[in-house]
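Pasting a structure here, questions to come.
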Amino acid sequence: MSLTKFFKFLTPKDKLFFPLFECGADNLVECAILLNKLFLVSEQSEKTSIMMRIKELEQKGDETTHTIFEELNKSFITPFDREDIHKLASSLDDVLDFINSSSQRIRYYKPKTLGNEFIELSELILQASREIHIAIFELKNLKKAYKIKDACIRINEIENQADDIYYHSLSQLYNNENDAIEVIKKKEILTALEEATDMAEDVADVLKSIIVKNA
Amino acid sequence: MSLTKFFKFLTPKDKLFFPLFECGADNLVECAILLNKLFLVSEQSEKTSIMMRIKELEQKGDETTHTIFEELNKSFITPFDREDIHKLASSLDDVLDFINSSSQRIRYYKPKTLGNEFIELSELILQASREIHIAIFELKNLKKAYKIKDACIRINEIENQADDIYYHSLSQLYNNENDAIEVIKKKEILTALEEATDMAEDVADVLKSIIVKNA
Amino acid sequence: MSLTKFFKFLTPKDKLFFPLFECGADNLVECAILLNKLFLVSEQSEKTSIMMRIKELEQKGDETTHTIFEELNKSFITPFDREDIHKLASSLDDVLDFINSSSQRIRYYKPKTLGNEFIELSELILQASREIHIAIFELKNLKKAYKIKDACIRINEIENQADDIYYHSLSQLYNNENDAIEVIKKKEILTALEEATDMAEDVADVLKSIIVKNA
């Protein structure tokens, strides 16, 4: 290892990791806005272009995650525990994955109708993504850790609401829809949506762990 | 950090973590007894009160898990590897989650009937929970590590049995039940039950790792 | 701890871990060849013996994984980060689990027919397993790390192809098959196959992390 490379290795990487996470959070909110819009537009061509755009953003998110992992492996000094940086990047990526997965399932399964419960779940995903955005932009300034904590509490509440809507929707679906294949399609889409909020809760868990250790 | 806080930070936290895990294990067994009872009672009102109680215990378990995580983040000296304490708390929580998930699915999906395979799986979950209870109460006394090891072996056997019952039940269900929506409902409940025993095996894996390192 | 045990504890375990991983990789390729064959043979008795053999190999893989974990807990010096050794063993085990799970689902669910998409997915699993095999046999010689990197890139491409086939197959299945229970059976088998390639991608992620840190 050259001396330059060695000193680079020792330099705190705050200026590196924070912008990467902020870029990831921007990407997540953009993706969640599109998912919500997907349930509101009626034109098929518009739906198709939204689904393509979500897939692109998911791939962009993958690249950010890989950059974070690579920098993490190359850095000796990190702003937080290495394991927490790893978990934060992975869990952010998971939220994005399930948003894309919801969108892909709609694209391929072609359910006949998608009721209000789908719009409501996509709104909760958007709310949770905005809270994640708030929290991540506060990470570089842990003096206001209460702002991160409050965002995490709201994410937990959002996940509970999503869970209720999920079970109620499945109850309705299983007991009122007679077309079994339509039941399967909708169940798979509802599950991907609900899992996106579960993953948002995982993000909140990592954030809480970071502030307990660092604030 | 004040000097008092600093010394508190350095104090071994055995007296803190063991009672928390024991409290978690008590909670788990209580929950597993209720799940088993859920398949044995016939009164709808009694079923409803059992399902509500399971949900309460799952939330109580969540609080214990969060307390363990918070204490872990605040403690410098821990009785076992930090990562193992984290994994043990998470995997215990996962067993509880799938017990509650089984119960919630019954509540919302309202399957017409639930055969013997459901009773059998709930009995295996109860057996696995009792073995976890035995092992966790031995953790503070690693001189009798063989007791923990034996409990782990029995948990692995229980998981294998659950796996067999699960696949046989699905085979019966898919090939004998004509109502596809009833098939979906029962499959989802069987899967949650089987996953509870998978999670019990994860608990056993962490316990085995703890005794290899510490006994 | 005796002095002999202490020195054993300090001895690098390269000669221990590499053969164990190579044994795991051999086992994986053998298992993937059998899975692919399962979709090509027509005799029921031959299918049954393949499914039994896959189950045996999965159990053999479990034993290798447990040996790696035990050695890891007993070793102080390891050829790579402990966490990476743990993740590599777990993710290899996961690929094997989903191969066996695909096979068991075919055995128990007895779907009427299995089309080309099943053959194609099993071929992709076999390709990914061969790439994993190449990469693992290069681990002891990190001077040719580019060989590992190339294998990982190919695994990622394979996973993308599997994902496309998976969604297209489900789209066909949901919109062309009228027998809902047949839909459920095939969907469950397709999902296990696709998850095997997901797990292969997890193996690639760990391998990439190892070469970034060590090459």
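A few points about this structure:
Letters A, B and C mark the chains in the order given here, with residues in each chain numbered from 1 onward.
Definition applied: contacts are C-beta pairs under 8 Å (C-beta built on N, C-alpha and C of every residue); 3 or more make two chains touch, one makes a residue touch a chain.
Note that the structure is a prediction, hence the values are computed from the model and not measured.
Of all chains in the assembly, those touching subunit B and also subunit C are A.
Here the C-alpha atoms of subunit A line up with those of subunit C after a rotation of 120°, rounded in steps of 5. Although subunit A and subunit B carry the same sequence, what matters here is overlap: shared residue numbers make up under half of all numbers found at their interface. Put simply, the C-alpha centre of subunit A and that of subunit B have 27 angstrom between them.
Shown for subunit C are the residues that touch two or more other chains, namely 180, 184.
Subunit B meets subunit C in the complex at residues 167-168, 170-171, 174-175, 177-178, 180, 183-184, 187, 205, 208-209, 212-213. Those residues of subunit C whose C-beta lies close enough to touch subunit B in the complex are 69-70, 73-74, 104, 107-110, 180-181, 184-185.
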